[in-house]
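We just call them A, B, C and D in the order they show up, numbering each chain from 1.
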């Protein structure tokens, strides 16, 4: 049965969750940022932002995590498995684009063999999404086949129907059992449930045209031209909810150590550099091409999903204002032009 | 659920200094049960770790026909290989693998084999060479063409002697001009040239090439001239890798993940790849 | 036993080879006693001490650091200590700005003839850090590896002391 | 001013004085601009100038991709011009290899960037051409220029530690701060060197403290406080406070402002026998 949740019951929901041992994460103001972070009560939750500055991925694939710990003594090594990384939690108020990134990333983290750090956190965390009631010029979810109220990836979806009331839709069994567990917090169906307040996100390009063009244009001047202003940092990849590349390093003292999995990014020149100094992607143009190709061609061919959810974070944070949807618009234009030539 | 990043612990039971900066370790599983269950095939690679320093990637250099141990040969180059070189017999290292695809040896039965390697690229071929030699009667002629910069840089010197002494192996060794010693019995010249001179027949023959990019670049046209079809020429690639499992996202050449779809490719497959290696 | 009575600070001293190290050596040959809380790292010149060394010392559990070299004008390499002094002039305030107590990172000029000054200085650094207590701020972020024993850094009978005792 | 800028750029490209103009162009929103690289005279209309031109374009002098474009003319504000002076003093560029298009600037950013509040180089102190009115630069008093720091310097030791731990905790090690910095020009950054690994590459509290302190320290006596590191930080760490603190100490102790007087010796590659040593025992 359809339910609704009043804003004044948010606090009750959060407190009840915490009472049952769930950790609760929600968008929270932190100076100039709004970040998904742990909250104790609803008073800490921000609701008037477009999108959080951090993406949801860090709850499943943190910026740094130990995959092993070990002791070393003379020539002996003793390995210890990290424990307690998957904690029962609810992420409340994430955006549909962020939620959708999870099933997309499931594919790579389960490809052939499963990364337990990702998988066990996925099992432990329930996602309660709030559909976007506003957007900004960086948003382009509708261009990559999503919507500001898309359900995929969420366990529960809340959509605003009046200034303080949200209609509640359960998307997965996990979501349903969560709602059941905390049934008392929710109200019955709301009379105004048809009046959903959902943002209108402008469609910026035809995604269907992108891949065919990428198939043909591994070598093209646009890669270098567009990336001239790129400074080669990792901001875009680190804020991206679907960028999953990582590095594995050891950190140690004389007797103990950790093997650590850290975020890494394809825009760094060191990312692919061989020990010999040879670098398969030695220029920024090649690295930028890799980012676009990976998202809109390679991942599609491998996993039948676009590795982009249109959140626009990379464009927002880019130090040099490189805008990914603009890049895709350029590709679309190029594609149309070459069609016309034929 | 298993931790895919957890390595087996291996004991270094033996080591050989192959060439300046190049060393071979023989490894045994510390946990015998793990060793019994472990299987791999020629062409596969693994991640070797020195605890405290990290992991690095190279091929398994021993043959799957000799499963009592695993051998790896590496050249000291970066942080991990430098640390690896500091180890000694009796020390423990980590081993994660096997990963990647294999040389389709079964398909090669009844054919002639030509192995062409340059410098430190013999170790990846050593696994498949011994694999084939251990099943010697399944193949026809076996030719090994191996070159290095100098005589000192030739790896597996004792095995080169062994191969040279065998009647059923045709071994051609060469060193780059200037790298020869007064008593050097082999050829002097770059690998592509030596291949051209050796003129292995392409008739019913499989060629396996491995070496630095520049060597491969000049050897492939020679093989083509000798009449080798692209799908009869195999090579094994190498890229920077961190996971070996198709997740860390750096070893791809275009759409192809070297760690999963490779490292073994035919020349035909390589020619289809974008120019990104 | 309470922590206050058991806390023994761990001090890392970065000494230049030509002056302070020789001074500390002189204190030793003169059989002058000083507290055993210090680990000495000998370097050619204070001019070659990168502030990264000091950060690394804190990362590996130092509670306090002393950097010491030749008096101005006495540098074996003419000007190494002058350059070092410039760096300290900005680096020390930077650490203080980040909330590191100035007593945890100290500097001195001690010549090869000043065995007495070495004893006096190192004792007073150790005493000052003992008063400050363990560097808890850094200890919170230092953890590497599994919990439990590991570091062989704390002063213990088999790793300290001079063999000629 | 925009017209004058475009005209000058067109002229420089036409008479082949330069092969490229590094300037500001329209950004993806009206509140943003972006770097543009004009190589053809007919493209000069892409150049713009407004209060959103916060970037310090001199950073593109270090990038191999933009260096390949040939001799540049570079649009610089007064603050950015100071970077050029430092780069010249540090032998990274030669004066004759760059054509300096100075713009007089009343401050950028909306709200006004912190760096502009205590600016005393509204007119660049070095240029080949000046676009806009030549104003008189009156050096502001020391205290006024570093007033931003007072609030933080007055915190207690514990408060300082906690403040910075909270800030550094956010760091994701994207290295936008060092990549955007025109003066972070090392081919291989210390954090990318791993033999030995001085700075832990992980973005945990330990690695973040080492990284952020080292990044700032490497700019001691060099940073001209263009605030680019702080602007680009995706997690909003007030990095420039660290840089500014170092600049303050360098000026206090060595009477040196980076990139201010072209004849001054670089603070960290020289010394004075009478340097402060109050703190040395």
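General observations
Please note the rule applied: contacts are C-beta pairs under 8 Å (C-beta built on N, C-alpha and C of every residue); 3 or more make two chains touch, one makes a residue touch a chain.
No experiment lies behind these values; they were computed from the predicted model shown.
Across the two interfaces under comparison, B-D and A-C, the one joined by more C-beta contacts turns out to be A-C. Separating the CA-averaged centres of chain A and chain C is a span of 46 Å. Inter-chain centre distance (chain C to chain D, centres taken as mean C-alpha positions): 35 Å. Those residues of chain B in touch with two or more other chains are numbered 78.
Across the assembly, chain A contributes residues 70, 247, 249, 251-252, 257 that each touch 2 or more other chains. Pairwise, the chains that touch each other are A-B, A-C, A-D, B-D, C-D.
Those residues of chain D that touch chain B in the shared complex are 194-195, 197. Taken in their complex, chain A has these residues touching chain D: 30-33, 53-54, 63-64, 137-138, 224, 227-235, 237-239, 247, 249, 251, 260, 262-263, 265, 268, 270, 283-285, 315, 317, 319-323, 326. In the complex of the two chains, the chain A residues touching chain B come out as 67-68, 70, 72, 75-77, 79, 81, 108-109, 111-116, 119-120, 218-219, 244-250, 252, 257, 259, 261, 264, 266, 271-276, 278, 280-281, 286, 290, 293-294, 297-298, 301-302. Put simply, chain A touches chain C in their complex at residues 69-71, 80, 251-258. Taken in their complex, chain D has these residues touching chain A: 27-29, 32-37, 55, 59-60, 63-66, 69, 172-176, 178-180, 192, 197, 200-204, 207, 228, 231-232, 234-236.
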